[in-house]
């Protein structure tokens, strides 16, 4: 049941409006909806504009935050987030350490799966934006720490690094991981990948790097073919403790 | 704390032994370990063979079941399992429907994340094997149903189809999904992809198909390069209700 | 030695000027060059503007025509032209049939290699443009025919089809090829590929289809990585008589 | 017209026999053919075994030598040979320098296109094998030199390096190329690619590196899909003088 302050999507007019229940009014060319109307609703309910057009209420999922969260830079691509989740076997018993947070999009995906996520972000303004995004996602099991992950303590099942990675970060990650836990390192550039591999090979077992090339398929009246959209993001290294 | 009957990995002697706590004896060239020794242990503990060699105790993660579970055929590849999880935003509040179960490997990944998974498998002997694998994974929120998913009822947040998909399966999936929920269809062949797209476009919004080409990077003394390993599995179509 | 009417590139001012020897004047912000100055020159010679800046003379190669020839549509990509050349073993003894000509770019590459090229283009205005481009390339062994290749006669070592291919085109190609000769079919869409394969398998031996995904590597001060440029054009089917 | 000593393929019995006209006897389970029968024949002619089965005569093309030439190691893949030809615009007016020769397969493709090819191979036994293969291919415009290409003199339109490339090789190539000519460097490992790029950027214009990922498409009664065959060979850098 939607409460005041919850982030909600209103689907209609061929688009999705990202609104806050209880705060103000949504104005569209199909009419207005007072957002207090959303309180008490469920996902899938219809609300109606003053001109009589129905909009559908959607409780946002992590995929919606990927689209609608405010960004401080390019977040990890879903294919790579999914790759980290699957290759580490991330699950609801896990305590996850994430760094750098960026806008918090990966932390939203991880937080919606894991028992807890602690996410480190050195740039205070990025950390602040991520906190706002995580609050929007109503995740109370995610903690943003405005610091370098070298200051992290505790033990973790999975550590995800998407930042300028130094050997010290990998060494520190090794001390924080439970036996059998996984480190995932995202490196867009080959030089950083080399550094990660050269450091990790002495500290971890089962070190594997892969790259995912994603191709969209388009199917129209003219025919079906792979599209020519962007196809590279970075290298993912998975290392097990 | 490990109990009798729990599946456990013993790491040593350059490999991983998949054993059952309390049942019999592990014999290796480095000595024997009575598996009753595992009861009461935690992940990371050491147990010692009668010849004095330590083996490390590992509580298996979904990635371990991908390797060690008995197979009835090729399970979905981790890159594709991860893709389904990320592109649907699968999370711990979700009720997931999965079909066909196969050996249950994808259901283990989904069940370790979601609130519940109901997985349909038409071939009784496959369903039976999957139940055994799911029991090994100690997942009590996953139900195997030995039937076609056309018989499924209820409402779901995410539906994953990895089977011979007909238009009827897609139409039925549309009736089972909550608004905003996702259908994921895995099709190894283009002809099946075409059928999925042609049916889904009228029933779903945001229908997207992609293919993930995974390349491993190898780094040895000779140099670093992409490996020449297998690079295709299938097409993943994500459709939103 | 350059003669009046030859197409020439003048390299300077950080770009390449595509000019005609003997015709008029090249005006640049670094000064003017009367193009009669080019007559009698060789590739690599310097010509000097009235302000004293040297420009280098380049005799165009097929790669230059790929960039500078007037286009009636997208020509085959070099990776695909190269694939046709290598997988057919195209060489200077070969008589090649090409269809559809388009702007003639592929015919320029083939004509610069083979003994002769006959290229069919149904659209008269495209055929005319191609003739102009081929004349610019100074290739006297290439004939443009403004007709469907179904009207072609003679025998050929290699046939390249880059057009809306019907079963009749493939059947006709089979009758025109010498034993051991090759048919290459370029199909951007999967549906057309299916038609090509289903027709060719009964008429040819060694039928193979491949797709080339090209990735550029970028190396800057930030690091080295694959670029995210376009990576699909079409499927190439090679079939041997 | 086939002469004594020419290499010929006899096609029959579901395979291709690589024979020498005039030398001995071909024995197959479908009967014997005295190879003196081949003299005076043309491609496409039929010769008949003593048991009455016809075999078809094929004059080998470069693609046949790719399959049948004796190998001293892995030759360049056709996709990469084609890429070098197309991205350099190699044509029948060109003088080409090639190193290292290996078994001479790339030199056969280049020699069948270009005016002349000089190919350098440091290992004498490899150079000897390549000479034999080139003689089989009846190419009298290709010269094998058993030396490092650092000793090469003259001027060339295209230089292809497929060997352990040092900065000195690239610098020497720059001095041998005509203005507007092209250097192609094949590097299987990223570290060698980096060296090539770092040296070439100061000596050449239009330096571009790409990698071709080739995927075969398979179409059977079960359906159509990309195959899972080998998909990486190396990086091709093209640099223009």
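Labels A, B, C and D are assigned to the chains in the order they are written; within every chain, residues are numbered from 1.
In the analysis below, a residue touches a chain if its C-beta (ideal position, glycine included) is under 8 Å from a C-beta of that chain, and two chains touch if they have at least 3 such contacts.
As the structure is a prediction and not an experimental result, all values here were calculated from the model.
Participant: Using C-alpha centroids, which chain lies at the maximum separation from chain B?
Facilitator: Result for the farthest chain: C.
Participant: Taking all residue numbers used at the chain B/chain D interface, answer same if over half belong to both copies and different if under half do.
Facilitator: same
Participant: Using the average of all C-alpha atoms in each chain as its centre, how far is it in Å between chain B and chain C?
Facilitator: Using C-alpha averages as centres, the distance is 49 Å.
Participant: If you average the Cα atoms of chain A and of chain C to get two centres, how far apart are those centres in Å?
Facilitator: Roughly 46 Å separates the two chain centres.
Participant: In whole angstrom, how far does the Cα centroid of chain C sit from the Cα centroid of chain D?
Facilitator: Inter-chain centre distance comes to 22 Å.
Participant: Going by the touch rule set out above, which residues of chain A reach two or more other chains?
Facilitator: Touching at least two other chains: 190, 213, 215, 224, 226.
Participant: What part of chain B is in contact with chain A in the complex they form?
Facilitator: Where chain B meets chain A, its residues are 9, 11, 43-44, 56, 58-59, 61-64, 66, 78-79, 81-93, 109, 112-113, 157, 178-180, 182, 190, 193-194, 197-198, 208-217, 219, 224, 226, 235.
Participant: Within the complex, which stretch of chain D touches chain B?
Facilitator: It comes out as residues 188-192, 213, 215, 222-228, 230-232, 234.
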